[in-house]
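Structures incoming, each one as structure tokens.
Both of the next two complexes hold subunit A, though its partner changes from subunit B to subunit C.
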Partner chain A sequence: MEALLAFSRPALDWHALAPELTLLAFGTLITVVDIIWDDRSKQAMPTLAGIGLLATLLPVITLALDGTDRTMFGGAYVIDDFSLVLKALFLISGYVVILMSVDYIRDGDYYENEYYTLMLTSLLGMVMMSSSRDLISVFVALELLSIPAYMLAAWRKGGARSNEAGLKYYLMGVFASAVMLYGMSLVYGLAGSTAFGAIAEELGSLDSSPVAILGILFILIGFAFKVSAVPFHTWAPDTYEGAPTPVTAFLAVASKTAGMVALIQLVFVAFAGRDDVVQPFFWLIAALTMTIGNLIALRQTNIVRLLAYSGVAQGGFMLVPFAVAADAPARAVEAVVIYMAIYAFMNLGAFTVVLAVARKTRSGEIDSYGGLFQYAPGLAVAMTIFLAALAGIPPAGGWFAKFGLFRALLDAGGGWAAGLGVVVAVNTVIAFAYYARILGQMWFQPAPDGDERPVVMTGSLKAALAMTIIATMAFGILPGLVGHFGEVSVLSALGG
Partner chain B sequence: MEQYLPVLTLGVLGVLFVLLSIVASRLLAPERATVAKRSAYECGVTEQVAIPERFPVKFYLVAMLFIMFDIEIVFLYPWAVANDELGLFGLVAMTIFAGIFFLSFVYELAKGGLNWGPGRQLITPATSPERTTTSTIRKVGLEGRIEIETAADDSEAA
Partner chain C sequence: MLLNQFLILGAVLFAVGVYGVLARKNGVMVLMSIELMLNAVNINLVVFGVQHGVVSGQVFALFVIAVAAAEVGVGLAIVLLLYRNRTSIDVEDFDLMRG
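Up next is the complex of A and B:
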């Protein structure tokens, strides 16, 4: 009892916590401004949220320049290169999503101040997730990023589809959390600690314990729901279609990346010694996710739904390196991180074009993209770049991400890795079929009803488009650039 | 694949448990329905008229308030127990926590979460203030009138 009560003040490294504190401060500031000025402050909200995200990038950059790994709370919270790269990725994706949201939220006459507060809160959860190396802090970060996202998915309050999106996302998310918590309780029961390093030591020495296998699988399945891996993907298409489009982009990119980050930390740190359980699981999940996501995407007629299924399939590609987690750990982490970074920009870009076109056509059907090249050549070219990137055609960014996958598989070697490589190759071809269908529609079909009025672009949409195009092309033409960011190790946390 | 055997076993046991429970309750439970058994259980008075399809659920905001302070107490209680140990550090940490928490209460007040009584009457003037006798005598049409429909939409959304 005495040992339990003994309290020593935890050493707080304010510099290491600065990004989180800045985000929290801006989220609170938006609420305070909302309370004081109410509707008069609406105009300033997107700007304030954007400034908040950029201000949060500053301490991330100073921490990166400083370069020392910092560990807090007995190894539960770690600032290293891996976490900093991902924090920056979350913040930049969040900034692009806010640029996409400005006009959508204002024109739709939705709640504005709350929207941006919740967006910043969700991003705070993601920023925390990339530093968490402990079951409890991972779970807190996960809930912090998920709960605002449930509300954002239902933001079109009057629309039945948006309500459906929010409810489905909420119920499936909570169910996944419950499964995950069950797994965590089993793992904690075995390891006697929530820290990833201690769990790795304990689980590695318990070879044939059935409880360990159950615990590991339940935790992984919980996160498989989050990253919408088949067969746990059923919520994703309905949620993506019903939610407001900027929120869909946010869920498809930032939320999925956050789930992947948690999986990286779990698989490569906490379950490092249990490749006998982890590798076959991910082999199966990755192959299923790629194939089923792509096959269903072939049949879609709504572009948001198509991008949702394509997002499921892309998630499958990201899961591929996990199947060789123990055989080639360094290459596998690199492949996932690079894939996440490139995927964020190409997918956000595709959603920006969808948002811009929908401002004119008021439709998400693929048929409505006819004649886009005639009346909005710039948007058609931008969409072509993003779809080429998603399909993996050089010089747009996506090819380098796919190249990373194959490199990890080849490094691992062996029959299973080669088999998965074949699945990846086949799926790349299938994916090209439906991306090409949109391309054909844009370039060769006439505009529906001969309606060739130009699309009205707003400044913030242009900025979002410019950022995503530059990033996508830069990753394709100068892969060394992103390759450098990928060379991060998550294993340093084991020592801390 | 033998490492997944326990998972398979657990899955089979789970399915068996559900099936057995359903079958057992069918076989074992006696079915003797009476009027008292079939009526709504302890749900107040039997309704006399059909309730309207939509009715205000403003009271959920009060329930939210309750949950908010419930959560605060969950965190305050362990702090109170361990106050001697935590000392000044605990006091400062809890003050920051309570401060941010208080903001959510202020937010609810500011948004009219506790405004009871009759709903606020939104008095929208039917005509614009620029309208004068000189401008109306000749114009009988809709010019000069505020678009009441859009104004009502705005107030609903806000």
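Up next is the complex of A and C:
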């Protein structure tokens, strides 16, 4: 009895856990401050949340300077360069989203304090996701980032559209996690372990087992929902349109990136020996996602919906390197990481402009962007930069992301990779058509009803715009910058 | 060890759950169907854990139970919110946004 009850605490590396603990502490602090000071504390909430994210970046930087890989809980939780690069990306995206939220949440009829607590909780899940190397920790991180996001999507309690956004996101999200869990249970059954390393060994040796194929496909489909890949994308446009706009930006960038991070670890570590299943699956999904996302985006009239479908298509581009996962693993991981980093900033920037313009026009229709250049030239130029980046036109950052894709496909070689390269090229051209439509509206059309009052910008929106513009342009003009982070992260991702 | 029988039970439960999610219109019934799917997973995890003689399967099942409780809490809150605003919990009534 004594022996059964004996419990030895696993070794904890407090420095390695410092980012997660800091984030958790600030999330709790916001709740406590809310309970004690109630309404009087509302003004301080965004500041507190922003400080929390910046404070969390400090241990991430010290860990990166330290440079040693740290492993905890029998390999379930790993701090290496790959995870640190992505933690930093999540925290900075989260910071931009909080800058976008400040005025939107204060001016609207929203609960404020809980909003920031849930935002930090969701970010905690993402930060954990980048370190998870085990089925259980991936699952817990996924739910920790998703459950607050379901609530954030339905944040406008009285609004029918926001309710509907929350319901659709919740039902699809939970259904997807159930499918993914069933796949995980099958994979666990075959491998007898939840650790990615052990799973890779076991799955690699079971060539023709249908259970293995089923398990892998179920897990991948579960995450395909999360990254809104076609045909599992149906929730995304509705949720993006109905949710409060800063939450939409958060879902489109941070949540999608977190799904991609989980896919990287699963595909390149746990399913490393199963390219017979993984490569055809991603070839098909990537081609479908790009093409269908772009074609439906062409006929959208609401800018948020258009950005939603453009986000679906961009997700398709990010899935391209997975289709050559085994042929050129290093280039593929690098391409996905670089794409995620650039996508985060250009998409957050585009949503910031949408948010700023909606403060004046109260509309999300593309027609309402007429005359933007006359009454808000700064915003029009900013939007042009972001749309050029999304379309992949140099010198804005997006071209380097697309360049990374082609480099991965070229390294892999062969007919299938070349075919996918053609699909990517065709889709880049299609995407240009609808980005150009917004540009034409902004630059050449008159303002609707001759309303040329200027857009009132607030300090936090200006800060968000400045950060995203600088990052987007810097990645385009100095691609070595983001390329360096990509290369650094590759080594450790494949080494684990 | 009746491994196959347990796995078949899990597969049947999972299939019933998937059917419920796709066919049912009542929001609460959809939530219950999702619970069925999650419990099918739990059966699989526990059985595989026993078969391999390792405890990680049971631990995983405990995590699934805990997280499922949190998930359903949020789900019921959303359904309640919908009922207050629209006096309906028929998931097909919520189709303001299309295309």
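Note that the second predicted complex is superposed on the first by the 480 of 496 C-alpha atoms of A that agree within 3 Å, B and C clash if a C-alpha of one lies under 4 Å from a C-alpha of the other, contacts with A are read in each partner's own complex, and residues count from 1 in each chain.
Convention: a residue touches a chain if its C-beta (ideal position, glycine included) is under 8 Å from a C-beta of that chain, and two chains touch if they have at least 3 such contacts.
Please read these numbers as outputs of a predicted model, since none were measured by experiment.
With subunit A as the common reference for superposition, the partners subunit B and subunit C occupy compatible, non-clashing space. In the superposition on chain A, A:Gln43 makes contact with neither subunit B nor subunit C.
In the superposition on chain A, A:Thr28 makes contact with subunit B only, while subunit C stays out of contact range. In the superposition on chain A, A:Asp276 makes contact with subunit B only, not with subunit C.
Looking at the superposition, the partner that touches the larger set of subunit A residues, subunit B or subunit C, turns out to be C.
Of the two partner chains placed around the shared chain by superposition, neither subunit B nor subunit C is touched by A:Thr234. Centred on subunit A, the angle reaching out to subunit B and subunit C in the chain A superposition, using CA centres, is 40 degrees in steps of 10.
Of the two partner chains, neither subunit B nor subunit C is touched by A:Thr62. In the superposed pair of complexes, A:Ser205 makes contact with neither subunit B nor subunit C. Aligning both complexes on chain A leaves subunit B and subunit C separated at their closest CA atoms by 6 Å.
Of all residues in subunit A, only 135-136, 139-140, 143, 147, 150-151, 154, 157-158, 160-161, 163-168, 170-171, 174-175, 177-179, 181-182, 184-186, 188-189, 192-194, 237-238, 241-242, 296, 299-300, 305 touch subunit C in the complex they form.
Contact residues on subunit C toward subunit A in their complex (touch as defined above): 7, 10, 14, 17, 21, 27, 30, 34, 37-38, 40-41, 44-45, 47-48, 51-52, 54, 56-57, 59-60, 63-64, 67, 70-71, 74-75, 77-79, 81-82, 85-86, 91, 94-99.
Of all residues in subunit A, those touching subunit B in their complex are 5-7, 9, 28, 31-32, 34-35, 38-39, 109, 208, 210-211, 213-214, 217, 276-277, 280.
Listing the residues of subunit B that touch subunit A in their complex gives 1, 3-7, 9-10, 82, 85-86, 89, 100, 103, 106-107, 110, 153-154, 157-158.
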